[in-house]
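As written, the chain order gives the labels A, B, C, D, E, F and G, with residue 1 at the start of each chain.
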Amino acid sequence: MYGLGILKGMRVSWRNLMRGPITVQYPDERLTLPERARWAVIPLMNDDGAPRCTACMNCVRACPDGILDLSFVTREDKTKHIDTFRYEVGACMMCGLCVESCPFDALAMGHDYELATTDTACLTSTLLADVDAASPKRERTAGDAAEKGGDDA
Amino acid sequence: MSPGVLALVSALAALGLMLANGVVLIYMLRKVLAHFHLRLGPMRVGWHGLLQTPADVLKLLTKEDFDPSATDLWLFRLAPFMVFVPSFMAYLAIPFSDSLSFTPLDTGVLYTLAALALVPVGILAAGWASNSKWSLIGGMRAAAQQIAYEVPLLLSVIGVVMIAGSLDMSEIVKAQQGTWLGFIPRWFVIPQFGGFLLFLIAALAELNQTPFDMSVAESELVEGFANEYSGMKFAFFFLAEFSNSFVVSALAVTCFFGGWLLPWVPIDLPVWVDVAVFLTKTYLCIFVLMWIRGTLPRIRIDQLLSLGWKGLIPAGLAWVLLTGVVVKLVP
Amino acid sequence: MPGHLTIAVFAMLGAGFVAVTLLFSRVLQHRSFGDEKYSPYECGSDPVGPPWVQFRIGYYVYALLFVVFDIETVFLYPWAVAYGSLGMFVLLEMAVFIGILAFGLAYAWKEGALTWR
Amino acid sequence: MPPDATALSRTLVSAGVEGAGVSEEALGVLARVPTDAVAGALAALAEDGYSFLVDLFVTDSGEALELTYHLRSFGTDDEVFVRAVAGHGAEVPSVWETHPAALYAEREAAEMFGLSFPGHPNPKRLLTTDEIGEPPLLKSVPLRAHHEVARPGIVRVAPEPSQEDEG
Amino acid sequence: MPESVSFAAFAVLGLLAVGCSIMMLATPNVVHAAFWLLGVMLALAGLFLALSAEFLALVQVMVYAGAVAVLLLFVVMLTLRRREDAVRPIDFSWPSVGLAAAFLVSVLVALRAFAPAVPRLPASAPGVAEFGRLLFTEWVLPFELASLVLLVALVGAVWWSGGGDR
Amino acid sequence: MALDRLTGENSVLFVRSEQLFDTARRNSLWYLLFGIACCAIEMMHAGGPRFDFDRFGIFHRGTPRQSDVMIVAGTVNKKMAHTVKRLYEQMPNPKWVIAMGACASTGGPFRMYPNVVLGVDQVVPVDVYVPGCPPRPEALQYGFMQLQEKIRSTSEERLAARRDRA
Amino acid sequence: MTADQVKRAADAIAAEGTLVAPKVPTGLRRVPGGVDALATEHLVVNMGPQHPSTHGVLHILLELDGEEIIAAEASLGYLHRGIEKLAEHRRYHQIGTLLDRADYVSGFHTEWAYSMAVERLAEIEVPARAEWIRALMSELNRIASHLLWLGTFGMDTGAMGPFLYIMRDREALLDIFETVSGARMMFNYVRPGGVVMDFPLQAEPLIRAFLDTWDGYLDEYHDLLTGNEIFRPRVKGIGVIPRSTAVAFGMTGACLRGSGLPWDLRKTRPYGPYAELDFEVPLGTTGDNWDRYMVRMEEMRWAARLARQLLDGLPEGDFTAKVPKVLRPPAGEVYAAVESPRGELGVHILSDGSDVPYRLRLRSPALFNLSVVDEVLPGSLIADAVVTVGSLDIVLGEIDR
């Protein structure tokens, strides 16, 4: 009968009214992000608070957009000192390639998505500044890194 | 009180009612639609978003409303008046209770319909004056739609007028007093169900409401006739739209749902109960309109027109004659 | 005739309210000018040609039909109001009246005037 | 099921396409035709059922541009590639009359590689405006350098002044 | 209601109607002219209202302001080709103004002359019910003729507009 | 004309009313329905039932004339830049811009390509940048909260400055 | 669908004759019609780039007579961001991120097509588990993509209910995607050789919960739109694309199937695990908006059934093959395509043996599907044009690339 389809549609919206809202009221309630969720990059630290980064530059090379910028100096004893490790969060596409490429687990994709800012300076953040880089602990991973670095050079 | 002062007081009261209605209805629309769509609607401005509409109004008040270049300046500025004033005047004849209305009018039903009939002319003016193609199409659609649905709307209440024998809205309500067989309220919606269906469809079209929201068809004409309007000028279109839905719902309640009458309660009730009953019924009607709005797709302009001309007008004429026969046969 | 006076007061108050509010709003708003800003809105593109062009004739036929039927419907109102107090003959009269116009509608329908475009 | 190379070359020859070479490669059956014979070859293949143009693949080999028309026949459920080599800025006859799918593909190829397709009914730019300059997909056109985009803070460019006035 | 108020209303509305019609003639923009005509219609409706002819006023609003104005707007929009078309030359030809004035004066004189012959209006206008009763008893023939007139208008419109196609 | 012209910049009336209006403005941010690329999908989700922009009073309008905020949701290239600029210009005062996502903030993954504009702030002034590719709907809502904060603080700063001058 | 069906359809095409080039060049096609003395003047209107129903930044220039469209011309490129050019400067494992953003509504499909091309080029054997995970995710993605289409299609016809209801289901799907890949839209999950991380345990209950509710919700969408007396005349018989036109303009996917040609790469060029799965491909007959609508609606049902099969039969094993960190496929050329929600999404790679592709071309289904608008829009009303464009299900990111 003509009009039955319309009434059926009305019934569907009534049923949805009865189901109740599914809204998560954001600033007051938050969704828990899954473990794998990828948001802004964060540097990981050892238990003693020193960075795990060895300044191997793998992540910088892995980044498709070139938004990571690591400047360091190598001392005579082959240890490295990180001047700045800068990260342009405003251009980051959060693909996670830098984290995948890191042989030392020194980077992670954080779960902080509240990145909005009114200040253009905040679009670039400094992950590490003026710290000593960790030394590559195991030969194998360091070798891997060296090989990879040489590969890409 | 002299008649002039009385008129002024009632007009001010009507203005207050209209503005209050606007505020309440916009809030209600957002909340009701939100809940139909699994959402919450305004929540953060005031308790459960109660201050949302005042905030919107204040913002619109301070928003720049400029006249884009090459508009037909006078018409562009006049259009909000042409839409707002008739829809405000339509409040005049609504009977809130036996004794309470802004002014008793012998021709109340016809008056309300005539006032509403002027609104699309204003919309046409807005669309024409805007110097924007989408607006122009929106305005033309509004006028074409009015042309097709004015007649069915007029026809749909004739049956009611015939039974009640009056155009006075309170007389129409009084004709619906009592019950049939002791429990069915004597509301005209039952004997005049065909007329009610006609009224529902034609009123939706007259209100520019989904599924007939031709002139503001968002997915087709962006914002339709109101494309170039900003700030307070736009707010008046918006307000008029909501106020019209109140007027039409009030008309429906008066003509088909027994106005302020509470069924099965024969005793005379105090005025405030009458008013409360009337407003409750009206708001229920508006709720149904919102329900429709949240559900249905939009009809196409040519389908709309042929529905009006080929469906509703013949049906309306037939219904009028049928009612005439039945009224004569069943006194 | 207090009703008629009220109508006049309503009209004036409505218009006055709009005017005062628009003026008040004008006082409150910050205005700025610019050519782009005042250009007509057309989805963000450059408009091609003026909007004020000759429109299609289909609208006009509808308007003519509308006038005819509007007048007819208006005649129906006094009939409806007086219906109860008059005899059976008014039904006949109205049937003739409606019949003649329904014939017109049928003619328009047959001629395709009711088909849009 | 790949089409028979010899049958294909017979088809092309009978259609008057001179100098066509058909070979089976990793990509599929590939017919190499001279640039000015493209339209004829595609028309012949369309007659043969290859009326569905999957894609037009253009690449810049440095010296020249290679155009690969990827055709499919729904009748025999197989695919063939037609390749023509054209110089930079060369004219390649449009194939839209037999394969209207080429209407957009050719416009895109024209602006991306600086080709022109005489016979195209609407040879406007499809995706870009004149502001883009050189055809961007040519190998000679560079991307932006890192130093052009990497910036410590964003230099804010004020929009064009619109006269502020409260009047 | 005191007589003076009624007269004041009559005067204001009359002036409004006259003013609108003068503007309608004087405006160079034909679309504006259509809207001025709308103003005239509304002022006339007001006049009917001031004369307590409620039903007539509403008919005036519905038919003239609602329907005829839209019709006229459509006509105007239908004949426009460019925006410049909306602007028409206004040149008063004084003879025609004189002719119109002479006509007006003669009408007034005639009214004055035949005033005693015109039956006095009833003190109050008949209600809708009374109007309906009269329409369907005394004036039933003109009423039915009206339907024929409307039919002719309708058929004419359909024929004229469809003529080009068929 | 603005109120300060009438009352003087430092009048209590002006200061208080500006405060009130800024409260209203930041609670009624209507955005222009304008999705450019990937971020538009998340923008739709932000308006969808799970995140519900309407809770904040944030609502979409189709035309720039009625919008307060323009969310630039996606990559702006040279062809688009004109449109973005025009739409921004066509919005009435006061107006704000949110650059949503990496592309609108800085050019994002596509900024090496010469046709891409390096952030929409090269075209229109941006108030809030929302990094992410695309940002979560919550991130966009957080961006709106930042914008509300900005409106509040600029209003307070302005008022404080005026009080100082008084 | 069987090979037999394809054959029959092909015969039908041969009988119809596919060589139906438009008589007047596209972009200039006009509705024939006399111009008489009272002729109306035509209105040239820009629809887009900012328009609620151009699904992004499509710009169509319409020439109108009243509300009837006389001529239409699509103008693209408002989202042209050089994905193909950028890909020539990125190493193979970095390209997936770009392609995600090409078809941003169905990232798994683009990633899969690209990975498939690279795997063929580098001759990598993909483990079965990886293929099944890919298929599972892309079927779910097909539902998500079609849902978005359904919502916007509802909006185009004026119904706002469906748009908000589909958001509920999309949220459930995006939660699944985020659990599996770590992102809601830009997954970067399918890589040459397999997938980047194994299918997580937490995802299975989520998917099952979604699939359990899905059929009921789909029926509700049918109730909301399919049976609706207002909706049906809006789509039935509107925007008819005959089979010959669809083939001539290179249309694929639901648009081609809506026109009655049973061509679905999952059946006709089975890739991944599709040869082992049991499913049907819905078909239309006339090629109007209704057929495209019904085909997509039924595809969603089948996609859910496929997802259930895939989830039940997910094989154990490795989730990725051994792939060197810097991939240098041998010089060569390859074309690989998947059936994306919009149609045949192909990736054509030319490699010169280095670590970046020499040239990468994305065969965008929506570009070819869209190319038909210049042809079909003339003669319809604005309201129909909106619905017809909606029924083509375009994604501008993929069209403009």
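Criterion: contacts are C-beta pairs under 8 Å (C-beta built on N, C-alpha and C of every residue); 3 or more make two chains touch, one makes a residue touch a chain.
Model, not experiment: these values are computed from the prediction.
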item	value
Chain hops separating chain C from chain A, counting only touching neighbours	2
Greatest separation from chain F - chain, by CA centre	E
Between the pairs C-G and C-E, the one where more C-beta pairs touch	C-E
Approximate Å spacing (C-alpha centroids) for the pair chain B, chain E	28
Inter-centroid spacing, chain D versus chain A (mean Cα positions, whole Å)	38
Gap in Å, rounded to a whole number, between the CA centres of chain E and chain D	68
Per-residue multi-chain contacts in chain F, two or more chains	1-2, 21, 48-50, 52, 55, 62-65, 79, 83, 85, 87, 89, 93-94, 105-107, 109, 111-115, 119, 121, 133, 136
Residues within chain E bordering two or more other chains	1, 54-55, 62, 66-67, 70, 74, 77-78, 81, 128-129
Residues of chain C touching at least two other chains	2-3, 5, 7-8, 26, 28-32, 34, 36-37, 39, 41-45, 47, 50-55, 57, 59, 63, 65-66, 70, 74, 77, 80-81, 83, 85, 94, 101, 105, 117
Contact footprint of chain B on chain G as seen in their complex	43, 45, 51-53, 64, 67, 154-161, 164-165, 168, 224-225, 228, 230-231, 233-234, 381-384, 386
Footprint of chain F on chain B - complex, ascending	30, 34, 37-45, 49, 51-52, 54-66, 68, 218, 222-223, 226-231, 234
Sites on chain A touched by chain G in the complex	2-6, 8-9, 11-13, 15-16, 22, 33-38, 62, 64, 93-97, 100-101, 109, 148, 151-152
Contact footprint of chain A on chain B as seen in their complex	34-40, 43, 291-292, 294-296
Residue ranges of chain F in contact with chain A within the complex	49-52, 55, 102, 105-109, 111-112, 119, 121, 127-133, 135-136, 138-143, 145-147, 149-150
